[in-house]
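By written order: A, B and C. Residues from 1 in each chain.
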Amino acid sequence: MKLLSIKNESVVYRSKTKNVLAVNNVSFDIDKQDSVGIVGESGSGKSTLALALLKLLPKNADVTGEVLFEDKDLLKLSTDEFNDLRWKEISIVFQKSMNSLSPIHRIGSQMADIYTIHDGSADSDEVKGKIINLLEMVNLPTRVYTMYPHELSGGMMQRVSIALSLMHNPKLIIMDEATTALDVITQGQILNEIAELEKKLKIARIMISHDMSVVANTCRKIAVMYAGYLVEFGLVEDVILNPKHPYTKGLLKSFPPLKGEKGELRSIPGYLPDLSIPHEGCIFKDRCPQKENICLYTAPKTHIVENGRKVMCNFAGGDC
Amino acid sequence: MNKSGNFKMKIKKIISSINNVKQLKAGIILLALIILLAIFAPLIATHDPFELNDDMVSPPSNNYILGTDGLGRDIFSGILYGARTSILIGVVAASISGIMGTLIGGISGFYGGKIDAVLSEVINVFLMMPTFFLILIIVALFGSSMFNVMVVIGITTWTGNARLMRAEALSLKQRTFVKSLETIGESKFKILLKHIIPNGIFPIIANTTMNVSDAILTESALSFLGLGDPNVMSWGQIVYNGKSYLTNGWWISTFSGIAIVLTVLAFYLIGDGMNNILSPKLNSNN
Amino acid sequence: MARYLRKRVLTGILVILVSLIINFSLIHLAPGNPINLLAGKDNPSQEMIDTLTKKYGLDKPIYVQFIHYIKTLLKGDLGYSIMSNEPVGKLILEKVGPTLLLALTSIILALVIGTALGILAARKRGSKFDIVMNGLSYLFDSTPNFWLGLMLILIFASKLKVFPTAGMVDLRTQSEGIAKVIDILWHLVLPLTTVTLIQIPYYFRIARSSVIQTMSEDFITTFRAAGMKENRIFNKYVFKNAILPTVTVFGINLAYVISGVAIIEIVFAWPGMGRLMMTAISKRDYPLLMGIYLLLSVSIAVCMIVVDVVYAIIDPRIRYD
C-alpha cells in the first residue's frame, strides 16, 4: 500500500543573485510501514527534500511537483489544513537534538504544549500521564519531565526528540541525520529501539543520512541522491550487493564493507557541481570513472529495472 | 599568479563587499567628505575661526554662511576647524583603547590560566565602572588639554576591545597552526604578536571604529561641560557657547551639533558595516 | 547558581575597592598639594592645613592614610564640602530624589518602547518600518544627548512655548499638593524625553537582533514542524528567549544612563546629582566631587549585581550551574 508518493518534485532556492536548483525532478514511493534511507554527501539535496515534505523550507524556496500523502497533495493544502496534518500524520526528528527544544522552558511543559496542539480537549493530568508514558517508552527516567534541555546528554535529548515525534502515533517519521551527532554505542542502541517501536506502532520512516552503513542496517529501501538528483533507488540488498550507478559504487567503496573481507577504502575524487549554473549532459560526468562521450551531452534518463529499482545512468539500460 | 594580480583581486573583493553593505558605503562616503573638509579647512574657511568681530550673534547670511556666535566668531569656519579636533581626538583615543584592549585581551585569552583569571577580573571590574564620570574627574583634576582628554578617554574605554580579543585568542589558540607553532618551540609572545593578534584583529578594527564615535561624543560632552581644551576649536565648545544664545541665536548650537551627529554617524555606519561583513546572518535585512 | 553569584558579588566588591583606590589616589596624584586640593584654594591658612592634615592623616605613610580614609568612609563620613562646609553625604542625599525620578522613569520608558519597537521591527524584518526604525536608531545613537536636549528646548520651550525651559518647579507660583506634582511632571517632560530618546536605540537593537537570532534557532523549527501557530510560538517561546539579553544589557546600560542623566540635568537645570557634580567641578569642591563619584560607583556596582541575580533567576542555564 502506498503511503507517500513523491512525483517530479523540484526545489529551487531563489535569491537576488542566483537560483540554486537543490532538488531536481525526484520521484519515489513509500509504502505503509516501509523504511527508506536517503543517502548522499552534504549538499546533495537530501535534507531539502525532507524539509520540503513538511513545508519547513525558508520562504525563498520554491517547491514544484506533487507530494501525495494518502492521495492528498500536500503541496496544495492551506497552512491550516497542513498544520492539522503535521505531527499527527508526519513528524520529524532533527539532527541537532540539543537545540530541538527551548533552552529556558522545562522539557515536560514543552512536550505537553506540543501535545495539546492536536488534542486540545485533554486535561493537564491526562497530558502529563501520556508524556510520562512516552518518556518511559524511549527508556528515559520520568524526572526528565521537569528538567531543562541543557541538563540532558545528547543521547537523552535525542530520545526526547523521538518520544516527541511518536506522540500522536504518526504514519510517517522523518529522521534527518537523527543519530549522526551521537557516539557509536548510543547510536546503535537508539537505532535498535527505533526499529522495535516502528514494528509496535506500525510507522513508516524516511531516514536521511550520509552514513551508508546506518541506512543499510536499518532501512528496507535506499535512495541515493547526488547534486539534487535521485541517481539510484531500490531495495537495500539489491543496491548494496549490486550497485548500478557509478556514484553508488563510489559511495560504497568509501565505507568499510559490512561483511566479508576488507577491500580498499576510496573516496570519490572531485566536488559537487555548482547547482546555480545550468549544466549539460549527466550531472555526475565530472567525477564519473565510467563516463563516455554520450555523458557529456545527453542527460541520462531514469531506467526502471527489476523490483521497482531505478537508476539514472546512460548505461543502466544495458550492461554496466 | 603573480603577487600584484593577487593584490588586485583582494582590492576587488574589498570594493565589492563595500558595495554590498549599504551602511559601509554610506559611512565611507560621508567620512571621506568630512575628512576632505577638515584637511582643506584653511582653504574653505571664510574667516579665521578665532577672530572676534563686531557682528555678534548675527544670523546665517552671505558673509557668515552659518552665522556668528556671541563673540562674533564665524560658525562655519569654526565647524571646519572643529572637524580636525574631533576626528583627531576620536581617532587617537580609540587607537589607544584598541591597542590596550588588543594586548590585554590577547594576553588574557592566549596565555590562559592564572593570568587570564586575573585579567578577566580586571576587565569585569572596569566594565562595571562609570567611565564617563571617571573621565570627567580626571580631566577636572589634571587639566583639560587635548592630550589629556585623548589619553584619558583611551585608557578608560579599552575593556570592550579586550573582551573581543580575548574571545578571538581563545578560539585561535585551538587552531592547528597555532598548536604546531607551539610544538616547534616558537615563543608564546611571538605567536601572540605574529599570529594570534593579526588573525583576530578584524572585530577589534570594527569595534575601534565605533569607539571613535564614542570618543567624539565623550569629548564633545566634556567641552559642553566647559572642560574642553581652550586652545583648540571644538564642536562641543561651540554648542556650549551657543547655549546662552538659544533664543536669539539658534544657529550657533544647532549647526555645530549637526556636525557632531554627522561625523559620529559616519564612524558608526562604517563600524557597523564591518561587523555586518563579519556576521552577515545576524545583521542583514533580508 | 551559588558559584555564579559568589563570583559576581566578588567582582562587585572589587569594583567598590578599585573605586576607593582610584578616588584616593586621584587626590594624591593630581598636580599640586593634596592639602590645597582638599582646602579648595592655593594658600590655605595654617590652621586649615593643621585640621586637614590631622583629619586625613596627611603626615602619615600612604597606606595608613588609605586605611584611615576607608575607616572614615565606613563611619559614613564622606568629608565636608568646601563651598558650603556641610557634610558631603547630606548634600548628595538632598539631590538623589530628582536624579532617581529622571533616571528610573526614563529607563522604564526606554525599556518598554525600545523593546516593543525592536520586536516589531524583527517580525517585519526588511519592511519599511524596519528600515526607518533602523535608520532612526543610528541617528539617535549618533546624537549627543546634551545637544538633543538643547534642540528640544529650542523647539518646544523657546519657539512653541509649550514646556518650561529649565528647573523642576515653577519658582514664581510656589504651588503645593497636587498642583506641585503636576508642575513637576510638566517640567519633567523635556528632560525625560531627551534621556529616554537616547536610550531607546540600545533596547531597540538588542530586542531586534535577539528576536531575529531566536527565530533562527532549531527549536523554532520543531514547534513549526509540530504545527504550532506562529503567534503561539512567538508569545510563549521566542519572547522569553529573546528578552534575556535585554536584561544583561540593562545592567551594562546603567552607567551610561546615569552619565546621560547627569548631563541632561545640567542642560535643563534639573536639581539633581549631575548638576551638583558640575557645581563641584566648577567650584573645585573636591571632597564633594569625590563623594559623588564614590556613591555613583558603589550604587552602579550594586545595581549591576542585582541585575545579575535577576538574570540568574530567569535563566535556568545559569540557575543550575
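Assume contacts are C-beta pairs under 8 Å (C-beta built on N, C-alpha and C of every residue); 3 or more make two chains touch, one makes a residue touch a chain.
Quick caveat: nothing in here was measured; it's all calculated off a predicted structure.
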Task: Comparison of B-C and A-C by number of C-beta pairs in contact, larger one - done: B-C
Open item on the list: Taking each chain's centre as the mean of its C-alpha atoms, which one ends up farthest from the centre of chain C?
Closed with: A
Task: Centre-of-Cα separation between chain C and chain A, whole angstrom - done: 54
Task: Euclidean distance of C-alpha centroids - chain B vs chain C, Å - done: 23
- [ ] Any chance you could list the residues of chain A touching two or more other chains?
- [x] none
- [ ] Quick one: which bits of chain C touch chain A in the complex? Just the residue numbers, please.
- [x] 217-219, 221-229, 236-237, 240-241, 244, 314-317, 320
Task: Complex contact set, residues of chain C against chain B - done: 11-12, 14-15, 18-19, 22, 26, 30-31, 37, 125-126, 130-131, 134, 138-139, 141-147, 150-151, 153-154, 158, 209, 212-213, 216, 252, 255-256, 258-259, 262-263, 266-267, 277-278, 281-282, 286, 289-290, 292-293, 296-297, 300-301, 304
Task: Touch list for chain B against partner chain C, complex - done: 23, 121, 124-125, 127-134, 136-138, 140-143, 213, 217, 220-221, 224-227, 236, 239, 242-243, 246-247, 250, 253-254, 257, 260-262, 264-265, 268-269, 272, 281-283, 285-286
Open item on the list: Under the definition above, what is the set of chain A residues touching chain C in their complex?
Closed with: 54, 56, 82-88, 91-92, 94, 96, 99-105, 113-114, 117-118, 148, 150-151, 161, 164
